[in-house]
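Shared between the two complexes below is subunit A, which has subunit B as its partner in the first and subunit C in the second.
And now, the complex of A and B:
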């Protein structure tokens, strides 16, 4: 009986709509993390950047009527989003500056940024709103949802394309999928993308052919700040419409795992993010049944570790095979 | 002065300078948002000190604040030791958070599901916390050593799994349904750490922590394992050529580090809360990093750095209660400390920049 219910709920259009909503704040930071990771500068601070952008978006859009008295009301969410994106890019730049100019360890710098974001958001939230838990007293704006016209009357398609209540997905969800395509084209079809990959794979070789690896890495980290900021903005201005202390809840770290699970390419990362999203949506849905949701939530991280193990075993086998061939060829 | 003497002298000065700069930036930030920044910062910097009062005979006031400082520092020093072991081997294990959670979880299982007489019950719970920490650290250690699985991702994922395990057992097995919050019943006294200073929560764990400092110092400075850690941290290839089984050392470094994180978890449950609650202490496992960095991974300095950072955290709690500034300012200070302390080229960079400006000015002067 219960298996039937589970299967029914998984293969419903409403469930797929939930998965897309849950996966959006994983896809966006994962795309950012992918760019910097391929450039050879791992960004551990996705979590902190998301948090800082989520906070900035809510505060700026909430205070926009006071801060920008001339601006029309429709612009408030966009002002918030713009500020959030700028904060994210600034944090990306700061990581690049500390790592590339002051020679800090990039992992520790990323961790410091996470700590900074979790401290500064609560600290500033208290001084702006007098509350340490959330900004529920502040009327902040939401980024719009896009409704695809004419499909709502079609039974399954309507739910699939416009969500359960037919209002459409948040604009950030569309942006997430678009970004996957854009980044794929950038990485594999443009010279700049090739330069980025070369910088990560073989910095010395890249430099020797005239690629300015320092510049590429600056750009990669700023771009990763941009993408992660979009993910954070979705959380506080789409998924919810308030900021809560530490509302990212580890999504930035999951996004890192998504990159590795997706074999460090955009399509793979998209699939991995959807797997995580499915597990998470399933966890909430199973909460009402006999299976504890925590058990389901354990599956994606366990899968990530398993995927890393398989990946490394296969890589090792490949290297060993190549070494054997080399020995056979060079043997007298 | 020879080179070695120079660096010995320069390092502490540099670290103290970094701490002072971070505190100064923290003050500027406080001044930006607070109506009473001086009062707030005074609370932060002097709050944890006990006051001696001679009004009605000799009396020590605010002993509980002093106690809070020691309690906080005990956890932080254990976590700092855990991090310093892996950092010394240059392994970026970030698993202390999960190891700590599972350590606390195991103490609850032993405390609530077994009934034993006093010292045996407590010691068994402590041992369980250490063993689970060891095992939870051994997993990413083995994966890194034998399969080259990146330890950052694996430990972060293991943290997620540990948190879910914690919630799973707490919600479904250990929880006290009568309590108004998600938590267990109080531990039986046979599984609670004995109190050391009345009027505080400073317990036997503080003594264990001191023993741990000595043991880790001995391990690092006086045993072959310590030498192997250092060699591995300096250069893995070189250590391998020198005949060191680097795989074994990588795996063990993370596992041994887990023992200490597990103890930190036991301190939270058996010493401070005397029960298990949900959201035990999110993010605390990462606080060991700043302690290890301040101490340059030297256990003796971990003791000092942990006391310093524990002092700051306690001061921040007092500041939050007595002023309009929240305790999170200490996280901002911590982040600045990490950024500046790892910036090897910070002082040369500033020097270069100053020189550049000076030379530009000279050019301008000469031109004019």
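And now, the complex of A and C:
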């Protein structure tokens, strides 16, 4: 591919659409991970929860005509999504139960959940469909895309607001951005959000003022299961229309990285997910030129690490500057 | 407190064990035991016993499923007793599972596939000189150190000339991309998505690109790798990137990742070429709109090759101790000329593909290879 064509495809409205598609399955689980992490219970089972929800959504929506004969056809994807979300929340609750009641290590519990999800989904897929690779022979439903009316005739705006085919973004992409705003308001503008942050920051102090830290942590982990489940459902019922063994391909772990890259703040995590999405989209487009694929595959992690370094350098400079000001002010 | 911790830990271990057992068991698939009428099951004679060892799981809709079809056909037609062992997706367990299978199963022929198993089989085969082994899609190194005890004289390796079949796919794609068909743009650009940059996949691409250039010297062929076989979302983005840069046909050579290519083709109203099995027919019942976007598939007929191997074994003419490369002539590879292909392909393009096939068969065209 010539450089000209590649650049054209990068500096286009369709590129933004790609970034949003790629970033959605990172933003959703990152929001979940953020809630539990701020509550002091890091949830490394995001990957497993995504996988389990992705699987449940496809199976329930695919078998809905048999299982719920009375239900109208439009309800199939929503039944699938509901089941997926319930499974995600149940897994979050299970982690909380193991960690808070049975005092297991939170990291080991998360790891076990990931292994469980990766094995159980394949096992159950075989039980339901007789197939261990993917559900491509099962006609499963897709969550709808939302099309913004009237803008498709406007050249750039149409692609920007409705994607390159003008069919609109998947409803989960809208939900991802909405969730960022909701979680920001929850964390910084509501008492419950302050309780959550206090629980994570200093549990003893939180408990001393009457916050039930056990309950807060239960809620945080169940909520993180909810958000991660949405990410998984997007993968198998929006982005694609199949479930495939281990199809999350590490996105749950990238979401964890995104939380810390975003300085454990919802807006920061959103920006970090978009940086990662941009780098991935850049990689797929640059990859059409005759450059070694290993180099192209390096782009997303390299950009992420570079962004981390720049962020830390700036943060340190800010802290040093503040310290200097403090010394100058307090100097006799 | 301490008791709680112990209970919790035990529970976690149990869950992990269950999960591991679900993920990578050596689950024997039911085979057809009843020896039906066939050459192998003459009166009083032991039926042929075959073990198919899959280093992965069945259900990939392409490669291993094709091999399993071959084994099934052998069971049906020759009355062989067959058993399939799936070793799971964790490569660290494969060698141990292979050794177990060889030690514990009663078999005359063990069928193993892929280049990942070469080393293990080279170590194993000389320990069982009176048993036979098939290795598909890779050769053992007959002159190598591991094979030294018996020069792997009991191993028959099957290679596929995927470069020949891909050449036809390239000819076809290059001819189709400039046709006046819904979804095709006038630009002479076609694409390909590989799973990883490994010799077998490069062999597909070399043939594909040569076929395309022989048909249209000005054509541009995009070559991209997903870096894995189980990430359909990545496959979809790669295909969409290629479509956005003017490609209208993308050849997927990426296993499960390639299912994303079909999704992209259906969504963008472009086309794809499948791989290994006739993929349009496999997904048409669940996804008719995707199946209609798969122009053809470059089939690697693992099933035929296994059937042929067992047949020659029974006739006593199978060249054990050597590697055979099966191309178009031997039915090892070929294009899927299914109803979608027939419906969409103009007659002059069909003629062009048939012509190219004839030239490969009579040696007029020699297709390059990525192997040496």
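One rule holds for everything that comes next: the second predicted complex is superposed on the first by the 284 of 332 C-alpha atoms of A that agree within 3 Å, B and C clash if a C-alpha of one lies under 4 Å from a C-alpha of the other, contacts with A are read in each partner's own complex, and residues count from 1 in each chain.
One rule holds in what follows: a contact is a pair of C-beta atoms (placed from the backbone, for glycine too) under 8 Å apart; a residue touches a chain by one contact, two chains touch by 3 or more.
Everything numeric here is computed off the predicted structure, so don't read it as measured data.
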item: Touched partner set for A:116, first subunit B, second subunit C, both or neither; value: both
item: Which of subunit B and subunit C A:104 touches, first, second, both or neither; value: both
item: Partner chain in contact with A:44 - subunit B first, subunit C second, else both or neither; value: first
item: Partner chain in contact with A:65 - subunit B first, subunit C second, else both or neither; value: neither
item: Partner chain(s) touched by A:136 [first = subunit B, second = subunit C, both, neither]; value: second
item: Touching partner for A:301 - first (subunit B), second (subunit C), both, neither; value: first
item: Contact residues common to both interfaces of subunit A (with subunit B and with subunit C); value: 98, 101-104, 108-109, 112, 115-116, 118-120, 122-123, 126, 132, 246, 294, 297
item: Of all residues in subunit C, those that touch subunit A in their complex; value: 1, 4-5, 7-9, 11-12, 15-16, 18-24, 57-61, 86, 89, 189, 191, 197, 220, 222-225, 227-228, 230-234, 236-238, 240-242, 244-246, 256, 259-260, 263, 267-268, 282-283, 285-287
item: List of subunit A residues in touch with subunit B within their complex; value: 42, 44, 98, 101-105, 107-109, 111-116, 118-120, 122-124, 126-127, 132, 246, 250, 253-254, 256-257, 260, 292, 294-295, 297-298, 301-302, 304-305, 308-309, 312-313, 315-316
item: For the subunit B and subunit A complex, residues of the former touching the latter; value: 29, 33, 92, 94, 143, 147-150, 152-154, 156-161, 164-165, 167-168, 171-172, 282-283, 286, 289, 293, 325-326, 328-332, 334-336, 338-339, 342-346, 349
item: Subunit A to subunit C touching residues, read off their complex; value: 1, 5-6, 8-9, 12, 14, 18, 21-22, 25, 98, 101-104, 108-109, 112, 115-120, 122-123, 126, 131-134, 136-140, 164-165, 235, 239-242, 244-247, 249, 280-281, 284-285, 287-288, 290, 293-294, 297
